[in-house]
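Both complexes shown next keep chain A, but they swap its partner, so chain B is in the first and chain C is in the second.
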Partner chain A sequence: MTEAPLEAARSTRRAGARAATVIATLLRISFAEAIAYRSEFVVWILTTNTPLVMLALWSSVASEAPFGSFGQRAFVAYFLVTLIVRMLTGTWVVWHMNAEIKSGTLSQRLLRPVHPFLVYASDNLASIPLRGLVSIPVAVIVVSTVARSELTRDPVLWCVAPLAVTGAWVISFSSMLVIGALGLFWESSIALWDLWFSLYFVFSGYLFPLAFFPRPLARWVAVSPFPYTLSFPVEAVLGRLSRADAFTSLGVQWTYGLGFLALALWLWRRGLVRYSAYGG
Partner chain B sequence: MISVRHLVKHYRVHQRPPGLLAALRSTFRRRFTTVRAVDDVSFVIEPGERVGFLGPNGAGKTTTLKVLAGLLHPTSGEVRVLGMDPRTRPVDLLRSIMLVTGQKQQLLWDLPPVETFELNRAVFDVPRADYTRTIDELVTLLHIEDLIKRPTRQLSLGERMKCELAAALVHAPTILFLDEPTIGLDVSMQSVVRAFIRSYSEQHRATVLLTSHHMEDVAALTPRVLVIDHGKMSFDGGLADLVRRTRPDKLITLSFSAPVAADRLAAVVGKTIESSPLHAVLELDGAAMKEVVARAIAELPILDLKVEDAPLEEVLADFFARTAGDA
Partner chain C sequence: MPRYLRLLGVQLRMSLLLSMQYRLEFFLDALMSAFWTASAIVPLVVLFGARRTVSGWTWPEALLVVAAFTTLKGLLEGAIQPSLGDVVEHVRKGTLDFLLLKPVDAQFMVSTARFEPWRASNVWLGLGLFAWAFRALGRGPTWAGVGLGAALLLAGVAILYSIAILVVSLAFFVVKVDNLIYLFISVYDAARWPASIFRGGLAFVFTFVIPLAVMTTFPALALLGRLSAVHGALAVAGAAAFAVVARVVWVRSVRHYTSAGG
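Moving on, here comes the complex of A and B:
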């Protein structure tokens, strides 16, 4: 082997090792920040438990007779799996981005030779295990005991599920990056996020299963990104999808996720030209 | 090297009068004005130079520093730092510069400063041995050994500023943009920070571009000054030249070993700007100074005699008043 390819291989290894060190450090520091305030942390864990409220509501609706294809046990499984997926995929980076753009503290991030998106991602990923520290083990235990029969037995769907959960995080995170990057143009894009989040609430399956939508509306909902942020991974785990539908959904989901990411990067690059760094 | 040619940076700023009606009106029709923050500024700074960037509030100093650091994109003009265009924020450039602002911080608020040092070590790709050596040096120079393991939020402003400087220098940058690094610090802390910047710059042959409203910072650190006012460069040269050109007269302070009557003092030295039986302050140009000082030494009971330039604050105030008058 000649010297040039060897040097290229060494250089790639060095770059890989460096990226791994940066990501590990970012994750460690984000984790330390997340647990800096103990009481706030406990309250924060409790804030994403809306699916439990919906579980109580829909369980009482289905207590006498099934609602559509959902009996009481199916609702337990649906909302507990929803809780788990939501815990694993929830993001809030748009708030950070808007605050940093307005106050000028984004400048400090821009002075470091690491893309701010990577830092935001690490920040988010590091605190996900903490968010689910209490509720995920409880949800897993309850689903696997009370509603085990509702889970899929198809090994292919079990293989799709982790990819679908990862894809759901990618869509949620990158759509937030898009809206956050718009803050560079508008100074604040929180109102747009509020609009997005209200659509997410209704069309992601967060409040009720998407099967409850009338068919014509369900077709429109299916082409929006919202079902792929929550409902798709939940339905994969519950076996409420055929294998073919699961693979199609996976393709649509990752297309949306990577599309949003590309859009966010483009907006970010354009937006930085307009960044005024006030106060920073 | 830093090279700035015909730099222009304009901001579009929304303006609204106070009051509810104005607030409602601005919802439908916004009025914008263009602020010419930097208006055709050019200069060159050689490697290792320490340069003071002076001007009143809103003169365009911080905007220029932010353009040099790649945070702001110029409206027009050409900027090169180490031969690179800061707008594209190339990694090699980011590894060679640091912008420290007295009003904003990079330290992680909820964690001890040592965590920010570790973060910077990772993102700037500093080898562990170099990092350890640099941190040891910084900790010693800044006396921060006891501070770096306390949460940042529990440090005083001065303590934070010292840790802020250490965090900014973990990757040993060769160009420092310092924006009001001593703002809000007490006199002794200002002196520590000043000594540190000087020592760092000398040891690392680092280029320093410093803005400060504390003239002691400028006098102690930067032999060369750039003066900017209303976005336009009005002086580029030695600090001594600026003083000589603006306030050529010297301040002479005389202390007496015995009381001197006012009429006797006036007869020997002429007009004073401040006097008491035991001391007097005169302001004289170079030609008159020799003659008056010789006469005072010969005829008055001189205990001590001090000759100095006018305070830099006064020099700058005069300079800005004069340039405003010229405009």
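Moving on, here comes the complex of A and C:
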């Protein structure tokens, strides 16, 4: 009588242990790869310089007079935190997927008994320590210098922040997976990424705080997924939103993130049927 | 010289024939360029929605800088990046040998190898922005201003090209540098802002190290009739010097090249 559930529990535990080993191994491989190509990697990190340019620009604007609710110090804090969040959540998996689909090297990936999405994710996550080399010193500067007074003192918002950053990564990564999976159907799907990215630039708070949008437009922006990829975690850290808003945003964010992930998985399954048809 | 002009004609025709096969790309690229230009303008709209002037620049004047930025970006993406991006690949695979063996100048060959006219929709958008800016200003530029502005835009192209050559020359020493071009493009993005907005160290870098100011702010100032002839001449001379340096570095780098074949 008790044998069956016990056996089931044991096999789940075995499967869980196996998954943990697989993920740990994947992460180790990905980290080694990131280290191997470190000079190339550093160059990629340096291409994320927009927040610093924007910091110079807006703080110079604010040196004449505060802009909206942002003084010079607030802009410094805003764009440094933006840089950190961007470093922690940045992904470029859509380019990998596109290249692999076009060149056919995806076939090798499909032979492995692991879902490719898992490998892509580990590649991405393993690069975070290296990117941390840039973002952690920045974080120290933010905390220890002038911008310190701009950070929130609300412990609840500090608890929300890590979830918000994780959610931002899930949205960024899954939306890339969706567009990458579309590459199985459509050759020029990377153009769609370009379009998505140009919208992200304007509506995520990457170039300026979203509070600067006129109110009717701001309401539309809040419904789009873009603020949840960047602006929301940044504003949580800076204490620029209420607790209630933070919890609502968290809900919207994770709904978007998991929704994109489900869509990506579905598209991937449908697309692979076509891929094997012409991949040979 | 006529030989090189004829060669340029042939290369252009080849590129055109090749890109005629990808007509859909034209529409996609035009659409994308429009989106990116709009995203470049949005922060300006936000900024000038609340301020009349920023660092002494009004909205239509700042728009002139964006126009110069967009025009140059079109030339960079349509004429410079495609062919020079290939060089890195040639060096890595060792196929540069085929180009070096030809009885013409190698720099000329690699620089004219591939044009992508469809990628140049930004040029038209940029020209449109110039027109829009002058409409908003309520007056046209003077002929002298147009002449100097055009000369400075050409100087800007020369600088962009020289930087690209310098980056590509690195490929002879470091194996994987294709992303250095992306780094440069990401830095170039800062050129959409009038240079005087930046202060301190950044202002120095953007004027002398990576002369973004010369590329986009100077042409705008020239069109407004605010750039002195001396400054204009200095900028053009600086661009020429940049080109000479790039040439010297290229020649030395090619000498360093030992093909993958041995």
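Criterion: the second predicted complex is superposed on the first by the 268 of 280 C-alpha atoms of A that agree within 3 Å, B and C clash if a C-alpha of one lies under 4 Å from a C-alpha of the other, contacts with A are read in each partner's own complex, and residues count from 1 in each chain.
Just so it is clear, contacts are C-beta pairs under 8 Å (C-beta built on N, C-alpha and C of every residue); 3 or more make two chains touch, one makes a residue touch a chain.
Keep in mind the model is a prediction, meaning the values are calculated, not measured.
> Applying the touch criterion given at the start, work out whether A:S144 contacts chain B, chain C, both or neither, answering first, second, both or neither.
neither
> For A:S69, using the defined touch cut-off, is the partner it touches chain B, chain C, both, or neither? Pick first, second, both or neither.
neither
> Looking at the overlay, does A:L57 come into contact with chain B only (first), chain C only (second), both, or neither?
Touch partner of A:L57: chain C, not chain B.
> Going by the contact rule set out at the top, does A:T12 touch chain B (first), chain C (second), both, or neither?
It touches nothing on chain B or chain C.
> Who does A:L272 touch here: chain B (first), chain C (second), both, or neither?
Touch partner of A:L272: chain B, not chain C.
> So in the superposed three-chain picture, is A:L26 touching just chain B, just chain C, both, or none of them (first/second/both/neither)?
After superposing on A, A:L26 lies in contact with chain B but is clear of chain C.
> Regarding the shared-chain residue A:S242, is it in contact with chain B (first), chain C (second), both, or neither?
In the superposition, A:S242 touches no partner, neither chain B nor chain C.
> Same chain A residues contacting chain B and chain C, which ones?
37
> Going by the contact rule set out above, which residues of chain C touch chain A in the complex?
Result: residues 24-25, 28, 31-32, 35-36, 38-39, 42-43, 46-47, 50-51, 54-55, 174, 176-177, 179-180, 182-183, 186-187, 189-190, 193, 197-199, 202 of chain C touch chain A.
> Given the complex with chain A, which residues does chain B contribute to the contact?
11, 66, 69-73, 89, 91, 94-95, 97-99, 101, 103-106, 108, 110-111, 115, 118-125, 151
> Can you check the complex and tell me which residues of chain A touch chain C?
Contacts found on chain A: 37, 39-40, 43-44, 46-50, 53, 56-57, 60-61, 64, 67-68, 188, 191, 194-195, 198-199, 201-202, 207-208, 212-213.
> Using the touch definition up top, name the residues of chain A that touch chain B in the complex.
Residues 18, 21-22, 24-26, 29, 32-33, 36-37, 104-105, 107-108, 110-114, 272-277, 279-280 of chain A touch chain B in their complex.
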